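Below are structures written as C-alpha cells.
Two complexes, one shared chain (subunit A), two partners (subunit B, subunit C).
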Partner chain A sequence: MKTKVKRKQYVLGYMMAAPFYLIFLFVYLIPILETVWNGFTDKKIFETPNFIGLTNYIRILQDTYFIKSIQNTLFYVVFNLFGVMVIGLSLALLVNSKMVKTGVFRVAYFIPYIASMVSISIIWIWMFDPTKGFVNYLLGMVGVEGKRWLEDPKWALPAIIVMGIWKGVGYNMLVNLAGLQGVPDMYYEAATVDGANRWQLFWNITFPLITPTTFFLFITGMINSFNMFEQVNIMTGGGPMNATTTIVHQIYTRAFLKYQMGYASAESVLLMLFIGFFIFLSFRFGKQGNDLGM
Partner chain B sequence: MKKRLYSMIVTALVATMMCGCGAQKPNQEPTASQKETETVEQRSTEKAGSGKEEVTFWIRGAETDAICKALQADIDTYNASESGLGHVTIEYVPISDFATKFNTAFAGGTAPDMVDTGVDQISIRAHMGHYLALDDYLDSWESKGEIINGYLLAGKMLDDGKTYGLGYAPTPCVYVWRKDFFEEAGLDPELPPGDWAEMFEFAKKLVVKEGDTVVRGGFSLEPADYRLYTLMARQAGSTLYNPQTNMPELANEAGIRALQYFEDIQPYSIVYNPAPGAKTLRSFLTSESAMAYITTEELSSMLSSDPSLKDKIGVSAYVPAVNGVDSTWCGYRLFAINADSKVKDAAWDAIRYLMTEDSNRNRLENANVSPAWNTLLEEYQEVNPQVNEPAAKAISVGEPFPKTDWMASYGEAIRNAQQEVLYGEKTAEDAMKAAEKMIIMDAELK
Partner chain C sequence: MIKNIKLTKKAGLYLVMLILALIFTFPFVIMFFTAFKSQAELQQPYFTLMPKSFTPENFIGAMATGNWPRYFYNSAFITVITVILSLFLNSMAAYSFSRLEFPGRNALFMFSLIALMIPEQVIMIPVFLRLKTIPFLGGNNWLGIGGTGLLNSYAGLVVPFVAHPFGVFLCRQSFMTFPKSLDEAAILDGCSRFRIFWNMYLPLSKPVLVTLGLLKAVTTWNQYTWPLILTNSDGMRTVQLALSNFSTEFTTNWGYVMAATTLIILPVMILFLCLQKYYVSGIVASGIKG
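Let's look at the complex of A and B:
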C-alpha cells in the first residue's frame, strides 16, 4: 500500500518536472546535438545534407576571417570584462558608501542594462558620429581631435568595448552591491579597531569576502562577452575591414547570409568548446571563495 | 482531487508542447492525406472565386511607394477582369526584412506564389531552388518579341542558361554632378567629364578641405556598397567572371584598374561609410560631394524633396573609362514564381498581365519606371529627358550582378577589397586576388 502511494507520488513528481525537461530537450539539447551533427555535413539551409567528416573544421583553420574573429572576440572579452568588473565594483563601493543617494544612483546606472541592445546601439552610432557625435563634441571641448570611431579599423572595436562597458556596468554594480551588503560589519569594526586604513579594509576584508560574487560575475560576463553580436551587427556590420567581426557574427554571416549551415554549425561547436575551455580554466585555477554562511 | 487536477494540467501542458513538433520540412513530398486536403481546398477555392485561383504576391517596399501603388492598381484591374486565371493578393514586405521573411516562409511551406525580387537575390534563390524556371512560359509568350532584351536576360543564370525571373523595373545607377559646384570650381557646369582621367582632374578642383579633412568631396566613394565597384569594373572592361568556367575573375587588369582608381581618387573624395544601423543619406544627396553615381530612384527622391535642385544637377549615363567598354551596372526588379507554388499557371498569368503594354505605361506614368516594351521607350525619354534619357542609355548598356551561385559571397568580398585598399592595407591587385580567392573558397563549400 505504502509502495503504491510512493509510486504515485513519484509519477506525479516526474510529471511536474516533465514540462521543464521537455522544453530543455526540444529547445536546447536536441538542437545542440543537431548542430554538432550538422558540423560534419555540407548542410545548406534548404537542402538535404551530406556527411563530409572534418572538412568544415579543416576549412575553418584556413579561414582568415574566422581567425580574425577569434582575435577580435578575445580582445573584446579581456577588455570588456576587465572594464565592467573594475568599474562595476568601484560604483558598488561608491553606492554602498554614505556619500551618495543609493536609490537614485542604482536606477541611473542600471537603466542602460535593461534597455534593449538594438536601441542602445543605434544611439551610440549617433554618439560616435565623426561630425555630429557627442563623443567628438566632448573631446573637442578639451582640445582633443575627434576620431572616425566606427569607420577607423583601429578605433572601431575599442568604441564598441566602451559602449559594452557602459551598458553592462550597471548589472555588475548591482550584483556587487548585494555582495558588499552581505559582508558583516563586525569585520570592519574589528579591523578599524586594529588601525586598518580604507585600502587595507578593502583589500583584506571586502575583496576576499565578495569573491563568490566576483567569480559569478566573471563567469557570466565571460560567457556574454564571447556571445557578443548585436552591437557589431548594427554598428559596424563586422567592419571596417573585419576589425570588429566576432565569432558569433561570423556564424550569423555564414548561416543566414551565405546559407552555409554546416560550416556555421562547425563554427558554433568551436565557440562552445572555446567557452567551455575558458570556464574550465576559471574553475580550475580561479578562487571561487566561500559563501558567507551567516 | 488536487493530485488529479495537477495531473490533468501537466498532461495538457505536455500535449500542447508536443503539438509544435513534426512540421513538414521543405522539399518533402506531401502525404496522401495532405494531397487530398489540398485538392479539396483547391476545389473549394475554385468554387468560391468563380474559377479563379488564389495567388499570393509579395512586393518589396511600402504601400505608399510609387511603384507599389502602380502595381496595386494593375493588380486591382487584373482581379476585376473575368479573363484572368488568378485572384492576386498583395503583401508588402520591407526590403530589409524580405530575405529573412522569405526564408522563414519557405521553410514553413507558406512562401508566396509570386514575388518581386532583386538582382542581388535572384541568383542566390534560383540556385537554392526557390524560384521556378520560366523558360517554358517565356517560349509561348506572345509578347516576348516586344520586350527589351535586358529585361529578359536580367533573370537568366549563367550556368544553366535558364531564366528564373523576368525584369520589369530597372534601377540603373547614373552619373550625377552638381552644376553649381562645377561653376564655383571654374568648370563648365553643362559638361560632365569625358572619361575617368578627366573625372580625376575634376575631383581635384572640386574638393573642399578644412585642413586635411574633406568636407565636400569631388567624388563620392562608398566602401560599404559594391555597386560602384561593379559598374566601374564593367566600364574598364571586366566581366567579373570567366565565361568558360563561370567562376569569379576579379583580379584581371580591368578589375584591378577599377579598384586602383578608387585609391587614386580617394584624397579628393568623400568616403561614405555609414554604420549598418544608421539611416543616413548618401553624400551626394546631402550635398557633400560634387560628383557621384546614384540610382534613378534616389535622384527622383532628391528632386522631389528639393525641387530647386532640378537646375543644379546634371545627369549622364556614366563616365567611360579610358580605353574602356560601353558598359555599366543596372539593377532590376524582377517577377519570380515560387518553385513550390501550387498555382504556377495563375501566377504566370498575373505576371503576363503586369508585363502588358498598358501595365508598363501605367508604371511609366505613375512611377517613372522605364518600360519593358521597346515601343514605349521614346515616350519614357520624353517624360523627363533630364533623367530618363541618361537612364535609358545606362539601362541599354548596363548589366546586373553576375548571375551565379557565388553571388552570396560577391558583395562581402568586394566590400572587403574596397576597404583594404582605401585604408591602405593592401594594394589593389592583392585586394582583388584576396576577394577572388574568398569567393572561390566559399563556392567550394557548396
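Let's look at the complex of A and C:
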C-alpha cells in the first residue's frame, strides 16, 4: 500500500518537472554540446557538415577580425565592469543615507536599466550626434571641442562604454543596497563608540560584510560584459574600422550573415572558455576569505 | 549651530542626488521633447531642448511608416504567452522539486542551475539550427528538411525562454516556506497533489509569481538578439526589431525615431512604476542567489 502511494508520487514528480526539464535540456544543455561538436565541422546551413578537426580553430588564430574583437571585448569588460561596480556601490552608499528621503532618487537611477538596449542605444546615438547632440552641446558650453563620437575609431568604444555604465549602474546600486541593508546597525554603533571615523567604518565593517554581494556582481557583470553585442550592432555595426566589433558580434556576423555555422561555433567555444577561465581565476583569487561559503 | 551643520549637510546630499537623478533621466527627457518637435525644427543644425510648439505629427507619421500596429501586437502577444507559460512550467517544476519525493530529485534540480551560468549568446546557433530543422513543422518533412521549421514563428520566439531555472529557484524558495502539514491535511481530505499545487500553493505565492512575471515581461518586451536571428519577415517583427530597423532607414528623421522610442519605452515604464516593489524584490533575489 505504502509503496504504491510512493510510486504514484514518483510518477507525478517526474511528470510535473518534465515540461520544464525537457525544454531546459533542449534549449540549454544539448545546445552546449552541439556547439562544441559543430566547432569541429564546416557546418553551413543547408549542406551536410564534414568533420574537419581543428581547422576552424587554426583559422581563427589567424583571423584578424576575431583577434581585434577579443581586444575590444576585454577593453569593454575591464572598463565597463570597473565603472558599474564602483559607481553602483557609491550610489548605494549615497541612497542608503538615513538623513534624507531617497525613494524617488533610487527609481531615477534605476530607470535606464528597465528600458530596452535598443531604445537606449537609439537615444544615445541622438545624444552623440556631432551637430545636434546633447553631448557636444554640453562640451561646447565648457569650451571643449566636440567629437564625431561613433564615427571615430578612437572614441566609438569609449562612447559605448559610457552608455553601458549609465545603463547598468542602477542594477548594481539596487543589489548593493540590499547587501548594505543586511549589515546590522549595531556594528556601526559599536564602532562609532570606539571612535572609528566614516572611512574606517566603510573599510572595516561595510566592505568586508558586503564582499559576497560584490563578488556576485563581479561574476555576473563579467559574464554580461563578455557577451556584449546589442548596442554594438545597433550603434556602430562593429565599425568604424572594426573599432567596436566584439566577440559576440563576430559570432553573429559569421553565423547569421555569412552562414558559417561551424566557424562561428568554434568562436562560441572560445568565448565559453574565456568566460570559464576568468570565472575560475575569480574564484581562485577571490576565495581567500571563503566569501561565498561555496 | 549643530542643527545648522546638519541642515547644510542635508541640503548638500539632496543637491548631489538631484544632479545624479538628472544625469540618469535627462536622456529620456531629450527623447520625449525631440518626439514633439516639428520637422522644420529638427533641421536646425544645433541642439535645442524644448520644442517651440508641441506637435503630435511625429507620432502619427512614425506609426504610419511600416506596420506598427502589427509590431506592437507581435511584441505584446509574445510577452503575454511567454509570461504565462514560464510561470506555469516553472512553478509546477518547483512544486515537484520541493514537495514531491522521487529518486534523483535534488540532483536534477541542482543540475538545472548550471544554466544560470550559460549566456544565451553562446547557444544561439544550435538552438537556431534545432528550431529550423524541427520535423513536421513549417514545411519540414520527418527528417526536418525542406522547410523553415519554427523560424519566423511565435513558437520559436517563445519556447527558448519559458524554462529558465531562476524561476524554478524562486518559486521553490517560496514553496519551501509553507508547512508540510498543509499538504498532509489536504491529502487526508482527499485532495490530489496537483490540486494542492493549483489551489493552494499558487494562490499563496502570488507575490513571487507577480515578481517573476514582471521580470519576464520586461525582458521579453525588451528582447532584441533572438528575434533578430529568428525572424526575417515583416509580419513577425517585434517592436524592438522594428525600432532598430527604423533608425537605420530613417537616420535623418529623428522626430519619427524618437516618437517610436517613446511609445516602446512607455509600457515598460508604466508597468515598472506601478509594480516597483515586486520588480525590486526580484532584482534583489537575483543578487542573493549568488
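Observations on the structure shown:
Just so it is clear, the second predicted complex is superposed on the first by the 284 of 294 C-alpha atoms of A that agree within 3 Å, B and C clash if a C-alpha of one lies under 4 Å from a C-alpha of the other, contacts with A are read in each partner's own complex, and residues count from 1 in each chain.
Following the convention adopted for this analysis, a residue touches a chain if its C-beta (ideal position, glycine included) is under 8 Å from a C-beta of that chain, and two chains touch if they have at least 3 such contacts.
Note that this is a predicted model, so its numbers are computed, not measured.
In the overlay built on the shared chain, the residue A:G239 is in contact with subunit B alone; subunit C does not reach it.
Shared-chain residue A:V183: touches no atom of subunit B or subunit C.
Contacts of A:I23 after superposition on the shared chain: both subunit B and subunit C are touched.
After superposition on the shared chain, subunit A has more residues touched by C, the comparison being subunit B against subunit C. Of the two partner chains, neither subunit B nor subunit C is touched by A:L139.
In the superposed model, A:I70 lies in contact with neither subunit B nor subunit C. When the shared chain is aligned, no partner comes close enough to touch A:L201: not subunit B, not subunit C.
Shared-chain residue A:F216: touches subunit C; no touch with subunit B.
In the superposition on chain A, contact is made by A:Q260 with subunit B only, not with subunit C.
Applying the stated contact rule after C-alpha superposition, one finds that A:V175 touches subunit C and leaves subunit B untouched.
Across the two superposed structures, the residue set of subunit A contacted by subunit B and also by subunit C is 12, 15-16, 19, 23, 26, 45, 118, 121-122, 125-126, 233-234, 256. Within the complex formed with subunit C, the subunit A residues making contact are 6, 9-10, 12-17, 19-21, 23-24, 26-32, 34-35, 38, 45, 91, 94-95, 97, 99-100, 102, 104-105, 107-109, 111-112, 114-127, 131-134, 136-137, 166, 170-171, 174-175, 178-179, 212-213, 215-217, 219-220, 223-224, 226-227, 229-230, 233-234, 248, 251-252, 255-256, 261, 264-265, 268, 271-272, 275, 279, 292.
Those residues of subunit B whose C-beta lies close enough to touch subunit A in the complex are 3, 6-7, 10-11, 13-14, 17-18, 21, 26-27, 100, 103, 106-107, 124, 128-130, 223-224, 271, 273, 275-278, 408-409, 412, 415-416, 419-420, 423, 425, 438, 441-442, 445-446.
Chain contact summary for the complex, subunit C toward subunit A: residues 6, 9-10, 13-14, 16-18, 20-21, 23-28, 30-31, 34, 42, 44-47, 89-90, 92-93, 95-97, 100-103, 105, 108, 112, 114-115, 117-130, 132, 159-160, 162-163, 165, 168, 193-194, 197, 218, 221-225, 228-229, 240-241, 243-244, 247, 254, 257-258, 261, 264-265, 268-269, 272-273, 276, 279-280, 283-284, 286-288, 290.
Touching subunit B in their complex are the following residues of subunit A: 8, 12, 15-16, 18-19, 22-23, 26, 42, 44-48, 59, 62-63, 65, 118, 121-122, 125-126, 150-151, 153, 233-237, 239-242, 253, 256-260, 262-263.
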